[in-house]
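Structure record follows, encoded as structure tokens.
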Amino acid sequence: MMESEKKVQLLRTPVEHIDITQFNVISLVEAMGHMAYTARDLARAAEIFDRMIADPDCAIILCLAGSLVSAGLKKIFVEMVRCRMVDAIVATGANLVDQDFFEGLGFRHYMAEAVLKTGAHDAELRNLGIDRIYDTLIDEEQLRICDETVRRIADELTPRAYSSREFLVAMGRFLDQSEQPVRDSIVLEAYRNEVPLFCPAFSDCSAGFGLVAHRAGRGNSPVVSIDSAKDFDELTRLKIHCRETGLLMIGGGVPKNFAQDVVVAADVLGMEVPMHKYAVQVTVADVRDGGLSGSTLVEASSWGKVDTVFEQMVFAEATLAVPLIAAYAWHKGAWRNRAPRRLSRFLKDM
Amino acid sequence: MMESEKKVQLLRTPVEHIDITQFNVISLVEAMGHMAYTARDLARAAEIFDRMIADPDCAIILCLAGSLVSAGLKKIFVEMVRCRMVDAIVATGANLVDQDFFEGLGFRHYMAEAVLKTGAHDAELRNLGIDRIYDTLIDEEQLRICDETVRRIADELTPRAYSSREFLVAMGRFLDQSEQPVRDSIVLEAYRNEVPLFCPAFSDCSAGFGLVAHRAGRGNSPVVSIDSAKDFDELTRLKIHCRETGLLMIGGGVPKNFAQDVVVAADVLGMEVPMHKYAVQVTVADVRDGGLSGSTLVEASSWGKVDTVFEQMVFAEATLAVPLIAAYAWHKGAWRNRAPRRLSRFLKDM
Amino acid sequence: MMESEKKVQLLRTPVEHIDITQFNVISLVEAMGHMAYTARDLARAAEIFDRMIADPDCAIILCLAGSLVSAGLKKIFVEMVRCRMVDAIVATGANLVDQDFFEGLGFRHYMAEAVLKTGAHDAELRNLGIDRIYDTLIDEEQLRICDETVRRIADELTPRAYSSREFLVAMGRFLDQSEQPVRDSIVLEAYRNEVPLFCPAFSDCSAGFGLVAHRAGRGNSPVVSIDSAKDFDELTRLKIHCRETGLLMIGGGVPKNFAQDVVVAADVLGMEVPMHKYAVQVTVADVRDGGLSGSTLVEASSWGKVDTVFEQMVFAEATLAVPLIAAYAWHKGAWRNRAPRRLSRFLKDM
Amino acid sequence: MMESEKKVQLLRTPVEHIDITQFNVISLVEAMGHMAYTARDLARAAEIFDRMIADPDCAIILCLAGSLVSAGLKKIFVEMVRCRMVDAIVATGANLVDQDFFEGLGFRHYMAEAVLKTGAHDAELRNLGIDRIYDTLIDEEQLRICDETVRRIADELTPRAYSSREFLVAMGRFLDQSEQPVRDSIVLEAYRNEVPLFCPAFSDCSAGFGLVAHRAGRGNSPVVSIDSAKDFDELTRLKIHCRETGLLMIGGGVPKNFAQDVVVAADVLGMEVPMHKYAVQVTVADVRDGGLSGSTLVEASSWGKVDTVFEQMVFAEATLAVPLIAAYAWHKGAWRNRAPRRLSRFLKDM
């Protein structure tokens, strides 16, 4: 078989994003609440997420780490933005740029055959220009188009220091103005609904490649730079503005730490703000290596970051737990009475 | 007991950093190489790390994620810098700022009694101004001094966009010029040995608090900003400059991704560079959630980032594995014949 | 508060077993099949379980390890027995005796408040005569009645060597003849449906306590003994009798090993039997410690135990995954056309 | 290449057992005690194990689960028996029969090349008659000789119900009387030092194959049976006899549960005995699935099984942690003043 045929054959079956609006799992999740271990914890997490949404004073921050968009969870996050279930998002660049913006450009992620998970064929994938994320495949050429698109967006901006949030607005606008039909996209939906997106390690992804190319193209001329301190400043000001907040964290990493830290940052600025009132985290990370990703939300309370009345860790891989938690909250419908916060406006006026 | 007495009692026993120069584990590690599972993998990882050091053409990048410095591993990394066992470091802000720079200022981390690990006393710790990392305690007042010191350093810099590397040079200089005796510090030792430090999510730590305060103090005047794209650009140029590279990764997260990605970034710039020739990672993260932290180094080869001849994952919590790997390589002594690369100079001249 | 009041208060909210007949998750699970990671694996596992049931030539062996019954999964296994979805069960004593038979006697498991999970109150629980399994509580006095009941059953049997299967028949008969109304019970339902139950480490649970008491009561007279070699012999003969088999394994441990081994045992007896044709395992155990619980089903194929066409590991805590897998297969309804195998009859006649 | 050559090539490099008498790690482990996470926990575990040995009133029970002997840990356990560091052992059949007795017969385990770990070549291994345990290989023909040897031992015993302990004495005697030189073996060394070995799920291993063959050979004649209730009875009587006890548990599973349960069993017999005074467990199992293997030793205290003053869990894969813990205790040398308990004598006279 020729290489190109082989590649076509491997990239045949796209990952499909699950649509939580189709699955009313309220009674299933409630039944799980009377069981033990993860089932019980998941039910409580779902109930806390619903409670956040129903609390008119609470702004909700969604934190995304891990390869979630490529895994078929994108539509859930898009739906959350659309239905006013989240007010701000802190995410890794992989989720927002390499995966979501990438799909916004019309590209897809593909299901890998089981044998590819062993890694025994990675050299062959390398030769075919296919990148692998565990059981999922990506066409590297398409990823390069994504990098290049970020570069073009940077090239058209006035050179100065931007927060990742500002740059992601530009990326949302790009998708919004695209002449091609655009797929569901968090970046686009957040742009349209004025939900701010933060990516505190913005260059650690496809965007980084685009920005490195942008810098190379500029030579000694001024460049677009991404100021992560500005991100932190903006999210802190949002916290001060909103006061009551809840966190829905999928995975740990930088987004978890960054969003938790804003309570302390507000204090550093001399503003007294309440701890995050609600906090849910879905993770399989282990507490015993001392890493932040697996650290308990109770531990975060020693730092004055998270209150402990409504906190729940869920020990589950995200693709199994997130659809249930999100579908529960969506079908409970508290979002129907929730006004959009449009926090991007607050930041624009800042 | 009064609160202050209670606090003094809790913060009584400091974590002591292990000194690998005292423990010749070569034969122990070699014996482990004839066993199975983690013992065998660890021995191979140690052997690969030694091989990197002995390879005159290979520049070594150390990646640090997780709370490693607070855990007593600092002296190991300081020793690696001092003994030319690493040429560049990519780390989380927690390691470099909250923990290493913090200790450089004269502060310590403290051992918590076992019962505190349960989280049952976190509210009390909160009231005492004590922060907890699993089994380790920190005086929050001292951490605020660390934040404030970062602010002062920012205040004294000319306002413009800095890479985190540049800012960390300023922090190293600060310690170097300190009139107080300074403890062992990665930031200081790297400054003195011209080993560049990168912190791609720089505001996601104590430095973020300092920079937010710096911004607030400046009002509408120009500020110091931290440009993560510049970091990526610099590390990519280092890769192009050095060509052959090896990675020693403790934990995963942003440092792992960032350091791996430079191979692709070089390609984006039109420069053909070899994949990372050597790669070792110590982690307990699981491959099955699709997260980058637990993803295999073989998977990274599908992305063209890591070569697969000399790669080894080690399934172990870092405090157990890193002393053995590092002590093995230190006592093998290949570093004695290794010239310092002083890569900071290359970046300064860039 | 008095101790007895305190105990009553702690043992207030029983764990409720989930009823899969109420939740048609077919389309949810199918949607998960187009995602990645655990969601995709779970969907495939559910599909394989359904395929086993629909295969008229395949006898299905359910393996249970971990505290599953106490966790609210009992009704699922009872339903599987009732609906001819399993033909034999291999389980730990904890599941069959301490938890299932215990509930059959009218006792319950109770939900513990979150703070009890930390272990900070275990001394107090000890004093109240309450046993804890992570987030679940048990009245120790009731557990002693369970031990004592096993003893009475042993006392009434003719002293000789029994397989655990034979003894579990006596336990099922005991429940069947009970004058009190009996709750759902795997032991009872299996007795009524002539589904053999095997417990290869039978004394490693409440049954052990009962048997030790039985032996003590007998002094030097002949006693009832439990012959684990007879268990292995019986299950091996079942394998030879049924030929085609499928395994649904929840957790690992002895049940997983025992059920896999019968293929080899048949070979030792000079009988050629096919490997297990289908195999599904739900576990969070890690492959990297070399333990059998986390070992892959592909590895089992090197031993000639499991075929690799229809095998699937699912990385998930059981309370989350098992309801979905079981409900999928129940609602697909292939069991409606499946004849009961009543394998206990075959063993009786052996 | 012919099949037989291929097999010879794959089974070329044997696993070598680590010799702790060669590695004085006292100062290394003590230094780890001042660090955090696993290092600190391991140091405390080592200190508790040393304390058990130094306590003249404490009988020590070693519990073994997981594939430990095949992994190169055998010599450690042999040394512990020889040096009076343990007084009884509870283990899985895999460790004692398939691996230790197997090596006692002169066979070896072999190191697999890294690529075999992926499972991509298991079908080929199957065809070559090679069994795989993660990164280790076994010659299946040799394993069949092990099965067959167990059968011969059973054939020569008087038919009646034996505890696994009694049968393991017969296996030890077999090795002791062997005319071939016998390698280091736990079964042999325990026989010679009158240290009782318990294997509560005795038929769940190579021994099961041998016993099934024994039964088949006997037809309707009386057979040797293995009574697990007798095991439990014997270990309980040992507990009553010794009173003070300590547990060193490698892995979880049946051995952990069985050894912990004897405290309750003594109580069932109306004998008041103290809880296990010391308890150490090395495991990577997770507490969050409610399984016994990962359950905390503090949780065991709610059951009245383990005291909480000297208990320590160590989150580490055994091949890395056990050599350090055992070498620490061996070199501390408290065993030099410890009298052998020779508990097998007590059971013989029972």
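Odds and ends about this structure:
Note that the chains take the letters A, B, C and D in the order they are written out, and that residue 1 is the start of every chain.
We take it that a residue touches a chain if its C-beta (ideal position, glycine included) is under 8 Å from a C-beta of that chain, and two chains touch if they have at least 3 such contacts.
Given the structure is predicted, the values throughout are model-derived calculations rather than measurements.
In terms of C-beta pairs in contact, C-D outnumbers the other of B-C and C-D. Note on A-B: its contact pairs, compared by residue number with those of B-D, A-C or C-D, agree for more than half at C-D. Centre-to-centre, using mean CA coordinates, chain B is 39 Å away from chain D.
Centre-to-centre spacing of chain B and chain C amounts to 47 Å, using the average Cα coordinate of each chain.
The distance from the centre of chain C to the centre of chain D, with each centre set as the mean of the Cα atoms, comes to 25 Å.
Residues of chain B found to touch two or more other chains are 36-38, 67, 70-71, 119, 133-136, 284, 286, 288-290, 315, 317-318. Taken chain by chain, the contacts link every pair, so each chain touches all the others. Against chain C, the residues of chain D that register as touching in their complex are 65-67, 70-71, 94, 119, 122-123, 125-126, 130-136, 140, 144, 147, 161, 200-205, 208-209, 211-216, 223-233, 236, 251, 253-254, 257-258, 261, 264-265, 268-269, 284-293, 295-296, 298-299, 301-304, 308, 317-318. Of all residues in chain C, those touching chain A in their complex are 15-19, 22-23, 25, 27-28, 31-32, 34-40, 42, 67, 70-73, 109, 111, 133-136, 284, 315-321, 323-324.
On chain D, the positions that touch chain A within their shared complex are 36-38, 115, 118-120, 286, 288-290, 315.
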